[in-house]
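Just below sit the structures, each encoded as structure tokens.
Common to both upcoming complexes is chain A, partnered first by chain B, then by chain C.
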Partner chain A sequence: MKASSYYHSQKLVPYVFVLPFLISIAVFYVYPIIGTIIMSFQQVVPGQTHFIGLANYKRVISSDFLTALKNSSIYTLLTILILVPGPIILAVLLSKGPSHMNNALRAAFFIPSLVSVVVAGTLFRLMFAANGKAVVNAMLAWFGLKPVDWILGGARQAMFLMVLVAVWRWTGVNIIYFLAGLQAIPEDLYDAAAIDGAGPLNKFFHITLPLLRPTIIFVTTISIFGGFAMFEESYVLWQGVSPNNFGLTIVWLIYQKGFQLGDMGTASAIGLVLMVIVFTLSLSVLNLFGFFKREE
Partner chain B sequence: MKRFLFVCLVIATLGIVPAFGQKTDITLWTFQELHLTFYQKMAEKWNAAHPKEMINLKGEVFPYDDMHNKLLISLQSGVGAPDISDIEISKFANYLQGDIQLAPLNDLIDPEKDKFVQSRLDLYKKDGKYYGLDFHVGAEVMYYNMDIMKAAGVDIDKIKTWGDYIKAGQQVVAKTGKPMTTIEVTEHWSYYPLLNMAGSDVVDSNGRVTLDDPINVKVLQLLKDMIYKYKIAIPTPGGFHHNEQYYGFMNDGGAASIWMPMWYMGRFTDYMTDLSGKIAVRPMPKFDGSDVVYNIKSPYTSAGMGGTGTAVIKTSKNLALAKKFLYFCKGSKEGTIATWTDLGFDPLRWDVWSDPAMKAPNKFTKFFVNKENIFDVLLQVKDGFNTTNVGGKYPAVIDAIKHTVMYKVLVEQSKTPEQALKEAAAELRK
Partner chain C sequence: MRTRGFVAIFATILKYLCLIVLAVSFIFPILALVTASFRPGRDLLRYGITFKSIIPDSLDPKNFVALVKSRDGIYLTWFKNSLFLTILQTVLSLFFSSFVGYGLAKYHFRGRNTIFVIVLFVMMVPLQILMLPLYKLTAALGIMNTYLGVLLPFIVSPFAIFFFRQYAIGIPNDFIDAGRVDGLGEFRIFFKLITPLMAPAYGAMAILLAQQSWNNFLWPLIVMRTGNMFTLPIGLNSLLTPYGNNYDMLIAGSCAASIPIIIVFFFFQRYFISGLSAGGIKE
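And then the complex of A and B:
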């Protein structure tokens, strides 16, 4: 075969086009994952690595891990409970109102997601500082309420702060997903329903919600990933030391073990356990929504 | 042949040029801006004194965690490390695992070894080799706000024991309504020096966990008592003594005293400027065996706390030069004097303690009530230091104190000192 015919080979060219993608997957996903699996069976110290069997996995279950798992689970659950219904309602409202108003509001909701987490976390930390002069406590004072120690006060305040940052950050993004989903719903369905005498609520529950199902599945799934992967927000809120591990999440624990204490082996093992947890959870959620059933 | 000669010429030129007064780049990482200013000043002095071995110091300041993580990863992976790096004492053990990637400094230290405070050299020693050089002794002292003390009618020179301190504290609270002191709940600087002075430690000399030692339980109980029984202390605003909220609180005359190491002087002069001329430095109260301190009797008058073991990385391309420069900064007589005059640190070499430079006015003598005699406080306590063990599990133990123990016992009160320490120790021994 001549060289030029290679360039025109219909068999080869598609592979050439997807090659950059395959290479980046191999370099940035497959290689690190394999590396993590290997490291999870090793003790990794500078200049030396040796296999130590399952010792890292035996160390995974600790009180810190259970605290982190609890925090991450509650956080994920709360963010899904708020960040799915909330943005759906807002998206429906935004698709109805006057268009110039909608654009302005959409932008307003979206801007927080563009702000760096570190900046946002620092701002929240200062706004929620314990003294009476901090913004939030000063507002509470107007209503005659006592200042609250948000940062160091306790587990509930800590969870409230973490969820608040998530809601502030992700509402706008989820609105965009749901707006895209709404646009895919044909207008004639609503017209037909109107002729049959359906009111706005009936339309919402019997047309909008069922047809948004694929989007809801998508948003829920990425929220599970996002929830269990959360780290920066709580790390910045507590500047690296959250009292009594109120803000400790699984990924923070991985960071602590791997980077702060230099125990890459245990950190890798925790990472793999987390992968199994998230994988199982996502599959069950998808199953729950009937994602694997054939369309009837 | 011509081409070969040309290449030879180019290579020769490249090799020769640096020898003619060109500076060698030395990279340095630190987590403390004050440290970098010090190194830069010392680099100027070095260049003036060593015109044949001039250096171009490229220093970078990272946040505390970032710097230690970056360094650990670059040592594990073998790429990207600087020539010289500061390593904070509570992290140092992490860098002494496996094939140690730090260069031994024995060839420089050994000839003058007897001039140093031995216990502070030993902190960074493994198998007879010294891998780091500290800035200071880190003597634990008490800082009193004299405005508040005068208002309460307390004579601080009569405070000799913890019993005296608590009594004075109650007088301060009664007369001024202000707390005598603040106790850290998310870091270890209130608890760790006290248990060390009480004759205990958190790990033994082999790095094994001793966090739940009975003395540690008693000392934690004493801290709890100061807050809830004697009502002379409050948990530190913001959680620890190195945050904006605390600086503001203390600067406004929020509490009457604080115990921190000598190096904390720099935080007063830089972050709590309104306290200028109001703060007196005194030795720590003692554990005299009385009921107040649960019968702990200990000969120790201070504790060598904290520290930064600066190390040269083995992979440095300019290893010998980096080592010499580091020793010039932190091991030489000139350098250790500068740690006092520039940074307010109590120098590592005892042979400079009597140097006239220690009595000369500087920003610290101007700030503190003691004036030129700040250093006398150190001379008073210099023979009463307990050793500190910082090997093995030490970094993880300190983390446990910061993350759970202090908060559970002092804020939440969900665990007694004994329960919290036993639980944490059991977890750490796994």
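And then the complex of A and C:
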């Protein structure tokens, strides 16, 4: 408490420190959020914008929106189911052993995340091209399987491709988060468990997993944000036009309505619905993990 | 005991065998990209990436020559735009975010908790839904199609503020008190004493922020209207027309666009895990 009198004598300084944040939040977050809310009740036409009540929200419940919502939800669920357990196991395997080897492997998993979405999308388009010569279909042929039209063949193939790109790009990042989380677990816990005769699996389920909980919560939450915000992967995979809306996601729909069709009102309404969905989901997940229970 | 030793060695070999196979499959698409960039674009357009393009019989650098020469070297302009924006955005973002994060961590003042809650709240808002009003704002400010228009809204990153705050909390107050005893002002303390202590945090965030900025897609797609202002992702995307014959440029350009950020990664890599673990995701 002695130090705190120092801080109080400096009344102005702390506000100078947080000033850049306050300004940028006010201008670039609060103002746009209010703008989005207002626009969602308006017919936005240059020069003659006017309020139309809930009409935009009625327009939200269209078949396109339901398709987009379904795609985004399945995508988010699948990416979480793969991109949480997978990287945990990999991080545990990479946390012990020869460090040069582990560093090289870690870098190999991480490098795909450095590649731009546009590059990743192009790359997967070309590897998963529909003809029999393209590399993935050529591999299928080794097993006597027919070439698959990955891009335009159907909703399942499309979802497979989107999730695959996500797994390729994000496994390495999540490994890093979990490795960082693992570093925070005290080594003596494992030593004590070893004395009690616990095997590796026992240690994993009774020490590693429970103590990784903060990181698991963190990764799951950012995966919900990321999953529902997905746009660029499918935009690039389908080069901006997805037949039958195989690759349509909610944010793509917002982009389509707002910037390509000029219907900013409906786009804003969809955006706010998305925000409510993401908030509700992430708060329920946090609640499920007991994040709001004080542990003292 | 002896058989147990053998089992352990066998298990280790098996573990690394599996890990190496998996790691190679992660790297495989990148290698395919590199070799494909030496192949004729029309083959890629027609067949995609084939085993023939992965193990080419000859390497022809003409795609890379085309990259520099075609359309008056517009690729180099995109590259320059991306480089300039990434460096500026990363440096500014590191500066402001660490500044704010430190202020939130080390000072007690009215409204501090409220501000921190706002930081967390803002982290949750999907940025994409702000694009429409931001677009109107950018247009009203007259900074469409400019570097400033791309940079300005995202200079202060809530995620980075959160991260730097967590990191700064771990720095003992003794350092700050010692600075005050030596008669340093509050800002000198931050710049002289604290910033060097946060080096690992800067390293970790430099990778993440540079990656985000270099690969940023949606916002520059909205702000940049003319070809000479495009960044690499937007420029490459503009080559992706279903009927286009730009695959020479697209594939070599994708390859060349990935190199700088991979260099940044290897440069800061040693800070990466230590920086992330000391801050960020601990509660």
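Simple rule for what comes next: the second predicted complex is superposed on the first by the 286 of 296 C-alpha atoms of A that agree within 3 Å, B and C clash if a C-alpha of one lies under 4 Å from a C-alpha of the other, contacts with A are read in each partner's own complex, and residues count from 1 in each chain.
By definition in this document, a residue touches a chain if its C-beta (ideal position, glycine included) is under 8 Å from a C-beta of that chain, and two chains touch if they have at least 3 such contacts.
A quick note: this is a predicted structure, and the numbers were derived from the prediction, not measured.
Applying the stated contact rule after C-alpha superposition, one finds that A:Thr215 touches chain C and leaves chain B untouched. More chain A residues lie in contact with C than with the other chain of the pair chain B and chain C. Contacts of A:Asn202 after superposition on the shared chain: neither chain B nor chain C is touched. Shared-chain residue A:Leu272: touches chain C; no touch with chain B. Of the two partner chains placed by the overlay, neither chain B nor chain C lies in contact with A:Thr280.
By the touch criterion defined above, A:Tyr29 reaches chain C but does not reach chain B.
Contacts of A:Leu261 after superposition: chain B is touched, whereas chain C is not reached.
Shared-chain residue A:Asn131: touches chain B and chain C both. Of the two partner chains, chain B is the only one touched by A:Pro243; chain C is not. The interface of chain A with chain B overlaps its interface with chain C at residues 129, 131, 239-241, 259, 264.
Interface residues of chain B facing chain A in the complex, by the touch rule stated above, are 64-65, 68-69, 72-73, 75-76, 78, 94-95, 97-101, 185-187, 235, 237-240, 243, 245, 395-396, 399, 402-404, 406-408, 411-412, 423, 427, 430.
Those residues of chain A that touch chain B in the complex are listed here as 44-48, 59, 62-64, 129-131, 151-152, 154, 239-245, 248, 256, 259-262, 264.
Those residues of chain C lying in contact with chain A across their complex are 12, 15-16, 19-20, 22-24, 26-27, 29-30, 32-33, 36, 44, 46-52, 54, 96, 99-100, 102-104, 107-109, 112, 115, 118-119, 122-137, 152-156, 161, 173, 176-177, 180, 186-187, 190, 211, 214-215, 217-218, 222, 232-233, 236-237, 240-242, 250-251, 254, 257-258, 261-262, 265-266, 269, 272-273, 276-277, 280-283. Interface of chain A with chain C (complex): residues 3-4, 6-8, 10-11, 13-18, 20-22, 24-25, 27-29, 31-36, 39, 90, 93-94, 97, 101, 103-105, 107-120, 122-129, 131, 133-135, 138, 168, 171-172, 176-177, 179-181, 183-184, 214-215, 218, 225, 228-229, 231-232, 236, 239-241, 251, 254-255, 258-259, 264, 267-268, 271-272, 274-275, 278-279, 282.
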